[in-house]
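As written, the chain order gives the labels A, B, C and D, with residue 1 at the start of each chain.
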Amino acid sequence: MIQQFTRFLQRIAQSHLAFTLGLFGCVFLLSASAQAGEKYAIRAGTVHTLAGDAIPNGVIVIEGGRITAVGAADSVKIPWDAEVLDVPHLEAYPGFVEAHTSSGMDRPNESVQVAPFLDVRDSIDPVAFYFEDCLRSGITTVNVQHGSACVIGAVGMVVKPYGMTVEEMLVRPRSGLKISTSPGRGRSRATQAQTLRAAFTGLRTHLEELVQEKRDGKDYARREALYQGRDLTGEGGKGRAMSSKGWTVEGLELVPRGEVDEKQETLLDLVEGRVPAWIYCAAPMDVRLALEIATDNGFLDRTTLVLDDSCWKAADLIAEAGVSVVLDATLVRTETDPKTEEEEEVFIPGVFKEKGIPFALSSRNSTSESLWFQAAMCMAHGFTRAEALAAITTTPASMLGLTGEVGSLSVGASGNVLLTSGDPLSVTSFVEYVVIDGNLVYDRSKDVRTQYLLEGVVPEGTESKGEEPEVVEDGRKKAGDDGGSR
Amino acid sequence: MQTHRKMNTNAFLLAALALVAGPPANASPGEGDALAIRAEKLHVGDGTIIENGIVVFENGKITEVGKGAPVPKGVVLIEHAGHLSAGLIALREQAGAVGESNDGTRAVMPEAQLGYAYNPRHSQVQELLREGITSFVIAPRPGSLVGGRCSVVKVGTEVIRANAFLSICTGSNGLTSNRFPTSLQGSQAELERRFAWPKGEFLAAVKGDLAVMLDGGVTRAETQHAIAFARRHGLKGMLVGSTRLGELAPKIRAAGLGVAISNFSPNTGRRVVEGAVALSKADVPFGFALGAPYNHPANLRLTAAACIRAGLKPGVAMKALTSTAATLAGVGDQVGSVQVGLAADLVLWSGDPTDPGSQVMAVYVDGDEVFQAEDDDENGDD
Amino acid sequence: MILTPMLQAACLTLCLPTFQQAPADGAEVKAERASAAAEVTVQPAAPAAADLRIHAGRVYTGTGEILKNALIEVRDGKISSLRPGRSAPEGVLQVKAVTAGMIDLSARLNTGFSSVEQVTEVQPHLDVAGSVNLYDKRFARLARTGVTTILINPLDRNVIGGRGVAVKTHGPMEIEARRLSSRAILRGAIGTEPSSANHPAFGRPTDFFSRRPTTRMGVEWEWRKAFFDAVAATRLPEKDFPGSAELRAALAGERTLMIQAWTTQDIRTAVYLDEEMQREGFGDLDLVIDAAAEAWKEPAILVRNGTSVVLPPHSPGGRVGDGAFFSWNTAKLLVDEGLTVCLSAHGAGPGPSSLGSQAGFAMRGGLTFDQALASVTSAPAALLGMADRLGAVAEGMDADLALWSGRPFASTSRVVGVVIDGAVVVDPR
Amino acid sequence: MAGATSGLLAASAANSNPGSDPADQGNATQGDLVAVRAHKLYVRPGTVLEDATVLIRDGVIIQVGTDVQAPEGARLVEGDVVCAGFMDPWGSLGITSGGTADSSTNVATRTVDVVDPYVHPWYRNQALAAGVTAVRVQAGMASARGGVGAMLSTAPAVDRAGMVILEDSNVAAALGISQGGRTPDVFSRITAVDKLVKDIGSGRDYGIAWTEYAHAMTEWRAAIEKKEAELEKEFKKAKKSRDKEIAEAKEKDKEFKEEKYKEDKQPKKPKVHAENAVMARVASGELPLVVTVHRAAELRALLSGTAKYKRLRLVIAGGTEAMAVADQLAERGIPVIVQPTPMGASRPDEYSEHDLALAGRLSEAGVRVLLGSSGGGSANLPLLASLAVGHGLDRDKALAALTSEVARTFDLSGELGTVRPGRRADLLVLDGEPLLPTTSVRYVLSSGRVLVSPDSTGSQD
């Protein structure tokens, strides 16, 4: 806690908003944590469960963080001891799901090219503005993954954008290993692919050597015993046999898993299908490599591609492979014919929809290109409301293996509810309240930064004094509001 | 190994040796002596080709041309088993004048005369001969609005037309970041001012006494503007530097301008050759600009060949390399075709001049043999 | 210049969407990717009655009224008739909604550094038209987002950059033919941008950038000097300089003066300049402030002087150029104060960066639909002095139309078709 | 995997590559017969048949001759002159620019990883229309070690498998190349040569080490098995004596000691080293080593340094000053890929002696000459080749330099470069002699598919 607050104080310098933000931040956080685990009920104008029809003047009951009842006011009984949020003028929606982001971290990219032994947990910054912006724009579940400037990055985790510590925020650890098929500066796809393949062959050689040592050891022991005339009390393998859709190493059961180099463990988990993969592709040609690597190493069925907007050209390949994708925040791409110099606009989600590829949309920032706006863009290009909403709720939820947990309002799901002033995809409606796990964590009437941005209301004592000093923390510039990943 | 390669040249050699006393070196006559050459194919320059045509020249001037042209007594007749054409002409060069061809201090200096920057002995100039180029237009490097007056020079000898063109840049090629003008509208305002009440060279240009070399700029819009500019002030001359000629051919035609087609390079290549084809369709007169020394002399023929590959008629390409270029540069009455009275600037080729696969066997400037394919010397000793 | 319908069709086949000849196989390409691409095809030979007929579920005329099931007829590039309550005849273009084509007074569609003459800070006599590249793809991109008219200004690297030129985003490929006959707008800037290239002489080799101004103060000084000299020149001919007439025209209010000023301090400077000119009896500037991001901080100054503003595009965090903070309710605030407010996109991007989206964001900031519509159509038309031709859907007006898939400016709808001077530049079918 | 993926890609590229003419795919259906008839057929440069016919099935030439009859239902293609498709042994068509520019590559880097099937087919169509049907591409062209190069087809790609003719055509290295306008100084240039020679050496040693290891292992195994058999035989006896000893120990109340067991050590396994593994293939002559080098000094150093590796197959790329070592090159049969591009005054330092006559001079000196675009655009290579002819290269030699010689150098003689039965049907049908500007390419066949024809858009570009 203390450390958290010192970080708040450091932030104050960063923006004339930070101070109020800090106050506002801890106000709701404290009040919220006070309520944790209690009974909570919401009475809304309409409840859009996205798991069935909309319920006019519906009620949602949340107990111990989970939804215990959803239904019409007359059919659902609100426990006498529940705290009630009575907002008949608002509409209730499940919180939106950010399928993949590298925001909210101290620094998104580790300089080591192959670093499967790292965990974003150690880099997530609970007080990053990013998480606050998530609440403003209705995002209640975030899959934080290592940045795309790597070959194999850290293992990521799913969090809720609320909590003073990473533990409080945690929804699901080890949500996947980040892989990038696209080269960093000064390198090419050839060397990127080389390093990527080397990582897996490296793992394989390592395991084979372990097994070989064990085998040689056993054989030697047997011969020694024969020589000495002892009966060899043969003990079986203490380890676990390797199982993978890709390659396996014979006799790994001889090796206790504890003896596997811990730097390689997560990679082995990936190959054995215990950890999913999020593979970034910056160009259509990278998709081929991504699928090749995933297939050869047996984790294709646990792979999600994180695509640059240019990758729409590889849609057929992706459809055949049957993997799902997270789309870039740029939804309209302009392609130029090199011969005629003619320009064409391609609406990328349209391509993936047509090929029947499950896709999730992603945010670029907290307002003009947040999930709600991206979904709206899809409707502008002919998607139905259901299709558009699915791409920011249920589809990403299933990608994270959280179907029924988040993305819809059904009994048993975590109590993440948005209360909006109207259609959440409309540019003129707002997220008024956000409830996460049955705790009220956002109240727009108390959101100073939004008020400042939308109404130009300058809170007392926070008037800007000339140019803002830039905060330097251990010699590095901190990521800003929308600290991107690439 | 050796013999195989020499096939194409030997014919020429033996013939020469047979008819002429002494090795070909002696065949090249001193000033004043007459010489006759019979070539399998003689490109007159107007597009016609004379089979086994004879050209006779004396005192550096052509005295006879034709199939059965009479060869005066005592005049050596060289049999050439190949093609003969007038020397090639490149239309916008800085060969031997790098750093001398542009005055950075002033944007407008019409009085500057490029002829004074010409160094006929410069190696970059001599190299042109190896590719059969005998005359070129020396022009200022882009970077000024009005860079000066371009001159037509003969390789290795003298300036043959001092005031060929007034060089004008209407597009961004005339801009610099640290001296007026820095903007297109700025340069246009300045040029309009000069032409509003034209004096000196500008008056000459408006009256049509002095042709202009108009840099068409980089974008299609700039080229279009350059053409409009020429029309507005009734300027005559040729458009250079543009790579977007194809789309604008009709406009160029309407403005009565000629064109110097820029050097062919892998990147701009496609547009250049498409431009050439379009221009010939719109029958706009055009020649080729090599851009020496920044480009290799061989690029002149290579560009022509690329245009032919893209559909340009070889005859038109041949004229563009010689007579049309001469006419555009205002020296059609001196060089560019094999006609009586014109300078004996001749090139002997192993094959068709527009085929990059043909070798330059020998080059004559004003009747003097100034270049011979080197392997002839090698033959001397085997 | 008015194109005849046939010419328009011809010009379309030639020009769409890059204004360059599209060969046959280009067409195949489109066919192949129709699914993914925003289709751009050519309006077939129109029925004899009118050059073009469009049936719209709703026409937002821009005069406050909404015509349902209206039939729009176009002849010779003008709207020849507009009748509500009609059923759609055979083969007419059918769309959900129609507004007047949008107008962006700060599209920033110049050719960069070659669009401003920096030999001296004050170049009122130069016209940016000379540097415009009509073959620039951004014209077509703008058209695709429903922007049909733009004002092109020189890059703001001078204190007074010169005259801007207003053009349609599609039409003849000669700038003089494209130029809209409107009172030209004189462009200048206050703030850090105009002085950014300048530096003191010492240290570096001296070129003409070693000069004043190097500060905001210097910029302001250049402005006042320019106007005082222009006035002085009427009495002392030897003091005359190129463009002084332009400045006097601005003082006389015959030329609109558009000044870029992001921050509140620069907005003040601009208004004070105008007020000083009035005090001196030099005249009264017809002042428009472009990129007036911080106008929300001190609207009173603008109100008192009746200054019109063009607002920059909204930014997610609120931070915009010159260190200014642009709050999303600025448009609302100023419109309610009775000022003329225009929106701008500073570019030609699709989606959230388009002018239509900016109108939507202004509505998020509180603007009503009608106010938002005005801020991208009639208001800028008025500032161009072309309210009689542009900015509304009415008989006799230019046939510049944006065709929408749903309610205009809603994030769930977009521009699916565009008509400029009666030519279908983007076909919704 | 590759197969599977390629299948998918086939589907993908067909729709997603704009301009890829669906008609093209039609031509290569199974059992497809194509007959190409020509007045003049270049079987190989120098060997010509008059009025001959080439019969193609499933993309492969099955018959060539003057008496060959085109069977019923065969598609007939007729023309004046027919020759093998041109090959650019030094190109960059079909791989990403990042790949060619990469300077972080090493010997084990694979060029096939930068093959991009999604580049607009128009770029390839241009090369095809000029008659170029195959290109050898190289990642890290200017890098000290470019890695494993590949031979690609220029046919509009449907997938990588379809593009790649040979995925390991060679290994590449570069010496003394200027980068970013900067020229390496003379000392580092010579050290670079030594380094390369050393690498070849360690490659060879690596190969030897593994063969020796394998040998030693088999011996060791045999020995151990023998010993084990004995031990098993002796076990009962050993057990008895052990029990006896234990008993004795008990009596004497001494502590029982196990007898020490000894056996000869298992041979040590050499460390796996990806780069040396590739260099081993070079040292053994399995893969040619293409070295981009221009200056006489480095050429001399390279030739003397590598003289001791008898099985090494060197190929010189560039070789601007190669005339200085022409006799050695001729003697050791080392081919030189000459870049016949005219170069102006502003050229990189290593090219300062560049001369269009180089190709002619080398071939006259008996050196095998190839012609390459050096990544400057394969579509112009035939034009540039004719320029080489114009500067002394024999016409047939120039033709060979673009066809048979390339195939021979990269071990593709069995598949490409000549018009003979069993070869892949990459053919050009011309309306005149090859390498003339006036000659236009009428048809281009790539493994039997007619990709360019007088009425296809490709040939217009």
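In the analysis below, contacts are C-beta pairs under 8 Å (C-beta built on N, C-alpha and C of every residue); 3 or more make two chains touch, one makes a residue touch a chain.
Since we're looking at a predicted model, the values are computed, not measured.
Chemist: Report back the single chain whose CA centre is most distant from the CA centre of subunit D.
Modeler: C
Chemist: So which has more C-beta pairs touching, B-D or B-C?
Modeler: The greater number of contacts lies at B-D.
Chemist: So, what's the distance in Å between the C-alpha centres of subunit C and subunit B?
Modeler: Roughly 48 Å separates the two chain centres.
Chemist: What's the distance between the Cα centroids of subunit A and subunit B, rounded to whole Å?
Modeler: 66
Chemist: Using CA atom averages as chain centres, what separation in Å is found between subunit A and subunit D?
Modeler: The computed centroid separation for subunit A versus subunit D comes out at 44 Å.
Chemist: For subunit B, which residues are shared contacts with two or more other chains?
Modeler: none
Chemist: Pull out every residue in subunit C that's touching 2 or more other chains.
Modeler: 20, 23, 29, 33
Chemist: Residues of subunit D touching 2+ other chains?
Modeler: 15, 18-19, 461
Chemist: What does subunit C use to touch subunit B in their complex?
Modeler: It comes out as residues 20-21, 111, 113-119, 123, 125-136, 154, 162, 173-174, 207-209.
Chemist: Which of the residues in subunit C come into contact with subunit A in the complex?
Modeler: Spelled out, the residues of subunit C in touch with subunit A are 17-18, 20, 22-23, 26, 29-30, 33, 35-38, 40, 137, 140-141, 144, 296-297, 314-318, 323, 325, 327-330, 333, 350-352, 357, 360-361, 363-366, 405-406, 409-414.
Chemist: Contact residues on subunit A for subunit C in the complex?
Modeler: Going through subunit A, the ones touching subunit C are 312, 330-332, 334, 336-337, 339-348, 350-351, 354, 365-369, 373, 376-377, 379-382, 425-428, 452-456, 464, 467, 480-482.
Chemist: Quick check on the complex: what are the subunit B residues that touch subunit C?
Modeler: 172, 175, 177-186, 188-189, 219-222, 224-225, 228, 247
Chemist: Could you list, by residue number, the parts of subunit D that touch subunit A in their complex?
Modeler: So the residues of subunit D touching subunit A come out as 1, 4-5, 7-9, 11-12, 15-19, 96, 98-99, 101-106, 108-111, 113-118, 120, 122-123, 139-140, 147, 160, 224, 227-228, 231-232, 234-235, 237-243, 258-259, 261, 263, 266, 272, 274, 461.
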